[in-house]
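What follows is a pair of complexes built around subunit A, which joins subunit B in one and subunit C in the other.
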Partner chain A sequence: MRLSFPYMGPTIVYAKLLELLGHDVVMPPRPNKEIIDLGVKYSPEFACFPFKVITGTYLKLMEQGVDTLVTSGGHGPCRAGYYGEVHKKILHELGYDVEIIVIDSVRDDYKYFYQIAKRLKGNNSWLKVVQVLKIVYELTKALDEVEKKVEILRAYYDNTVINKIWLQAQEDFYTVKDNSDIKKYKQRYLKKLAAYSDQIPAAEDRLKIGIIGEIFVVLEQSINNQIEEKVNRFGFEVERSQYLSDWIRENILPFTANDLKEIEHKGEEFIEINIGGHAKENIGHAIDFKERGFDGIIHLKPFACLPELISQSVMDDLSNKYDIPVLTISIDEQTADANVLTRVEAFLDMIKEKNYREVM
Partner chain B sequence: MENLYLGVDIGSVSINIVAIDEQNELVFKLYTRNSGNPIQLVKKGLAKFKQEVEIDQYKVAGVGVTGSGRQLIAYVLGADTIKNEITAHARASTFYHPEAGTIFEIGGQDSKLIIVEDGIAVDFAMNTVCAAGTGSFLDHQAERLGIKIEDFGGMALEAERDVRIAGRCTVFAESDMISKQQYGFTKPEIIKGLSVALVRNYMNNLVRNRVLKGEYIFQGGVAANIGIKAAFEAEIGSEVIVPQYHDVMGAIGIAMLAKRDVKRSGQESNFRGFDLTEEEFATKSFECDDCANNCEVIKVIADGRTIAVTGDRCGKWTASLITDSSITANSSKSETTQTVVKDQAAAEEKLDLYKTDPEAEKQVMQELEELEKDDQTEKEDNILV
Partner chain C sequence: MVKKKIGIPRALLYYYYFPFWLKLFAELGVEVIISDNTARDLLDKGVKKSLSEICVPMKILVAHVLNLDEKNCDYIFLPRFKSIRKGVVLCPKFLGLPDMISHSLPDLKAELIADQIESKNDDISAYVNHKKLAKKLKIKKSEMKAALRKAAKFWWRYRQLLFAGYSIDDFLGVEKIEVLEKLITKFENSKQLPQSKRSELKTAGNEEVVDIALIGYVYNVYDKYINMDIINKLKEMGVRVHTFEMVAQEIIEQELARLRKPMFWEFTNKLYGAARHYFASKNIDGVIHLTAFGCGPDSILGQILEIESKDYEKAFMTLRIDEQTGESHIITRIEAFIDLLRLKKERN
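Here is the complex of A and B:
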């Protein structure tokens, strides 16, 4: 088996997981213009944007002789649940004989998850699998912890300096073999970043933006127009609703993620039933951000995403009731950088002006 | 010598240049169509400025640039403030009309809605996916009907009957228009139908379920169109004010913001002077493939000299301009600093200043235990299987 997977967020995590299990892993390419064009060409026109990007990634991977793709599933009415099947069909029609292994949440179907896990584990013992899972989970947690610091510091210090540290950190984390490595790198990079923490102003002068939305566009910098860096550049801290460790906690580890349940519960105020994707959680996160003193919400919605379209329609009410400004940005291959920048800048200006009265 | 503040709005359809004095009085105003070469047009505009205004009496103390082409022109001019159109429009509007509550702004390729409370923008919306309902749409239809855009609005008022035209999409509006024409509707009626469709589109896409309040201000290039103004008034059932300088409000706003920024920082303006009218400007762009980001790097060249580099996320190309040293020298330098940092990090690690958070550790331990428990049940499962 020559394995690969879609590119989303810190890919080293999935690569590590499969690599530690002894598979032949091909790193997927980062989505770029070529991949997006390829994906748009071979996907149904009204498929959601993440689907198209993943199609492009798969097609690019076919050039490298990949025969098995591992991806995540979805539940509820969101179309992500069909991704695996539809991708398989598209790839087969184009003449690629490829298998797609879909990892659905362990909570949805324990037996199915077990079957998949058994396939992926190969000749490893279950003990080894659990050890690997532990390492990978620790790795994601460490990465997320460092990234959260980066998202704060970039607002106050030259973002090229902080970005360099972050890129270096990702590279180093890729080489980890065990938990002590993870701890070592985590300490090293947190310390490196801590050197800049004196740049952070007093609590009342800090401005924070929460980013919510569909998981793929929230996690993947290369297709969301580097929204986090853009917000950081205007002196605002950023925190996302989604981090990879959350996803693992929610879908792979059966005994954790109670805090996520709570967030989801908060969202029920506006969306009562599960409509798929992370719509309910996103509403919950928006309320949670407000309660934690955030100054605004940026809501990312892939064009043609059903759950996020619904959450967009309740954003006005949420914004009114909880007195927090919300900016919804629709993302697809047509999104121009200048447009996103204009909207983000105007939105952040508006938040700043609220606290600033002019002396003429 | 009195201070002047320049405001430049590089829009998709027009390029506007204004100058205001300390009292925000308009000293110079220029509205030109953007024919595709913004640098050339700005140079011409500045030349005109030099002719019309006694520049010996004034000193340019601040320059602001706004509009979708703001980045490039900002480098060319040496701007002090570069800001988006929304902020600039809100600024000018609330200066001339302090009681403003709602600002409709329709420009060449975008339309905006700004909600203002106590002179401060609190909410805004901008057309999201396409250009339907903007100035370009009207421009195009006027051309089709063979009417000058300046006469377009006035004609709508001559209409005797109402006709509904599909206004969601420029292309569909066109076919609808043609079919309505053959039913015998007159040009003024069609134009009125188009104006109503544009406003309806605006209301559905931007206003949505917002409650509009206060004085209604209508600005941007399209505000010159009295037909659209009338359609807005009919839609909201209230008077709509079109400011005196509605077509250059963005430029006025950015000039005011530049004034504020310069005053706050207390620094001299970066304005490159009127000499730039004699300089030759060019831009070059290339895709940097040094890392996975594949940034599109843009270079601005004035008289063969690179004056600005932008677009690189890591800052390497921007930095190369500042240090002005060759790339090889640069990279060797960064290498040495890197090793220093590494040594430092290693030394710091030996000190072991890092203390683990006991709470987090507890949590991790708990998770580990749970995982081990899980492991055991899984093993049992394995035996069963």
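Here is the complex of A and C:
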């Protein structure tokens, strides 16, 4: 079994998980123009952008002899939960003999879940599996902690300096074997970054942007036109609504995500019931960012994303009511870097201007 | 009870449930206003007020809500369809529909009545699905329940006729409940078969009759404006038109049971089950998937149907409609498709 998986966010986490379980893992390629073009060519025209990117990634992986793909499932109503089934059909239609293992929630199909869990577990004992899961969760948390610092510091320092440390950190984290390694690297890099924190101004002078939206485009830098770095470049700190460790907390570990539930609850003011994806949570995060003193929200979504279109529809009202500027950006294969940059720049200028007037 | 006017937008699931709602409000003695037929200027207003990238059916709905507001309704009836089958929901846009309307059209004069509908099957007549309505209109629980029972019975008669091969198109345009009742009784007692079942069909050039399954949501298939009256165009060209609502529920269930994982959206599942049934059916010459611009569930369904049609060796075409579709475009495409089917038939 030669395994791989879609590329999203801190990919090393998934690779680590499968590797520690003793599988032959192929690291998926980072999405680029070639992969996106490939994906667009073989995906339905109106499929959402993440679907197309994943199609491209899978096709590229086929060149490397991968025979099994592992991906997450879901029970809707967002389309993402059905990606696996459609990818199966597309890849078979193109003549690839590949298996796609879809990890659905235990509640949806207990038998199927047990089967795939057993297969992925391999010859390891269940105890080992629990240990591996724990290491991976710690790794995700450590990565997210370091990244949050990076997202702040990049606003005040030349981003090449900070990015260099961040890339180095990711490389080192990839080599971890156990929890003590993770601790070691986490402390090392937090210390390295702390050396730069003298540039952070007084609390009232810090400008902050919250990024909310669909999980794939929020997490994956290579397809959201490095929006965080763009915002940082104009001297704004960034925080996202989604970090992988939050996702794990919310979906896999029970009883640990009460704070996230509270945020979701805040979203009920605008979207009463869960409509799939993270639409309701995103509204909650937008309100939460405002309450925590953020200066603006950037709302990212793939073109024609079903749940996020509803959240975009209510966003104007939210922006008025809570007095917080919101910029919505749709992302797909046609999104141009200069377009995103111009819009972000104009948006951030407007926020600076607004604050300036208030001082006068 | 207060005498109030309640508006129903002629969009989305109106086409599936309108006899139910008409009967319900008639029983309750409430005055109903239905928005006008979709037309250019009506649609333009809706397009202006909606997000540019949202799907056409939603733009049409916004247009109809605005139209109702111009007609001075006191209330607009806009239920939140969450589920009409256990464990399966509708498209996210249906789930968030009242939120979207109330926050993107804050200037509406009429008040929304947005009951959440959660039902085990297509029968949505449970009292819990109409609690807000009863409260707003100050109707007693017992009275409401009685009206709902009658409406459900009436709707079921209509649904049976659809199973028997009648098209929703045969009932549209009738908005007076007495006339609709007469029509349904007439069809029930009629000796003549519905169009989709008739063996003798006359075409202008005495060409061979073909059978086409038109797979699409009710709001795409029966909105004559947005699809350029495709049903009548097909009929004129000598086509027996088959749609998903003619397929018995059991057949759809059987088809879906063969999948490891059915889809999450109830109407998409219905279309999928029906399409598989038509793919396997010898009487059907070709399948047309009628889909609207920007439809998310259809982007998934369309791809699956396209691949499966090859397995069944059935002619298949996707017809995408949007607010700018030209009439000649639709005619050219269906003509070419029908010609192809006729050629194939002659050769065999």
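Keep in mind that, in the parts below, the second predicted complex is superposed on the first by the 343 of 360 C-alpha atoms of A that agree within 3 Å, B and C clash if a C-alpha of one lies under 4 Å from a C-alpha of the other, contacts with A are read in each partner's own complex, and residues count from 1 in each chain.
Methods note: a contact is a pair of C-beta atoms (placed from the backbone, for glycine too) under 8 Å apart; a residue touches a chain by one contact, two chains touch by 3 or more.
As the structure is a computational prediction, the values presented were derived from the model and not from experiment.
Chemist: Which of the two partners, first being subunit B and second being subunit C, lies in contact with A:242: first, second, both, or neither?
Modeler: neither
Chemist: Is A:330 touching anything from subunit B or subunit C once the two structures are fitted on A? First, second, both or neither.
Modeler: So A:330 meets both subunit B and subunit C here.
Chemist: Which partner does A:316 contact after superposing on A: first (subunit B), second (subunit C), both, neither?
Modeler: After superposition on chain A, A:316 lies in contact with both partners, subunit B and subunit C.
Chemist: Quick one: classify A:187 as touching subunit B (first), subunit C (second), both or neither.
Modeler: It touches subunit B, and subunit C stays clear.
Chemist: Now for A:68: first (subunit B), second (subunit C), both, or neither, which partner does it touch?
Modeler: A:68 sits against neither subunit B nor subunit C.
Chemist: Which holds for A:346: it touches subunit B only (first), subunit C only (second), both, or neither?
Modeler: first
Chemist: Counting only touches as set out at the top, which of subunit B and subunit C does A:224 meet: first, second, both, neither?
Modeler: neither
Chemist: Tell me which partner A:164 touches in the superposition: subunit B (first), subunit C (second), both or neither.
Modeler: Touch partner of A:164: subunit B, not subunit C.
Chemist: By the touch definition at the top of the document, which applies to A:133: first (subunit B), second (subunit C), both, or neither?
Modeler: In the superposition, A:133 contacts subunit B only.
Chemist: Share the list of subunit A residues that count as touching for subunit B in one structure and for subunit C in the other.
Modeler: 303, 316, 330
Chemist: Applying the document's contact rule, which stretches of subunit C touch subunit A when the two form their complex?
Modeler: Listed in rising order, the residues are 51, 53-55, 80, 82, 87, 89-93, 95-96, 98-100, 103-104, 106, 116, 260-261, 263-265, 293-300, 302-304, 307.
Chemist: Can you name the residues of subunit A that touch subunit B in the complex?
Modeler: 30, 32-33, 114, 126-127, 130, 133-134, 138, 158-160, 163-164, 167, 184, 187-188, 190-192, 222, 226, 229, 253-256, 303, 316, 325, 330, 334, 338, 341-343, 345-347, 349-350, 353-354, 358
Chemist: Of all residues in subunit A, which touch subunit C in the complex?
Modeler: Subunit A reaches subunit C through residues 43-48, 73, 75-79, 81-82, 85-86, 89-90, 93, 102, 104, 109, 112, 270-277, 279, 303-307, 309-310, 312-314, 316-318, 330.
Chemist: Which of the residues in subunit B come into contact with subunit A in the complex?
Modeler: 68, 83-87, 120-124, 126, 128-129, 208-210, 260, 291-294, 313-316, 318-319, 341, 345, 348-349, 353-354, 364, 367-368, 370-375, 378-379, 381-382
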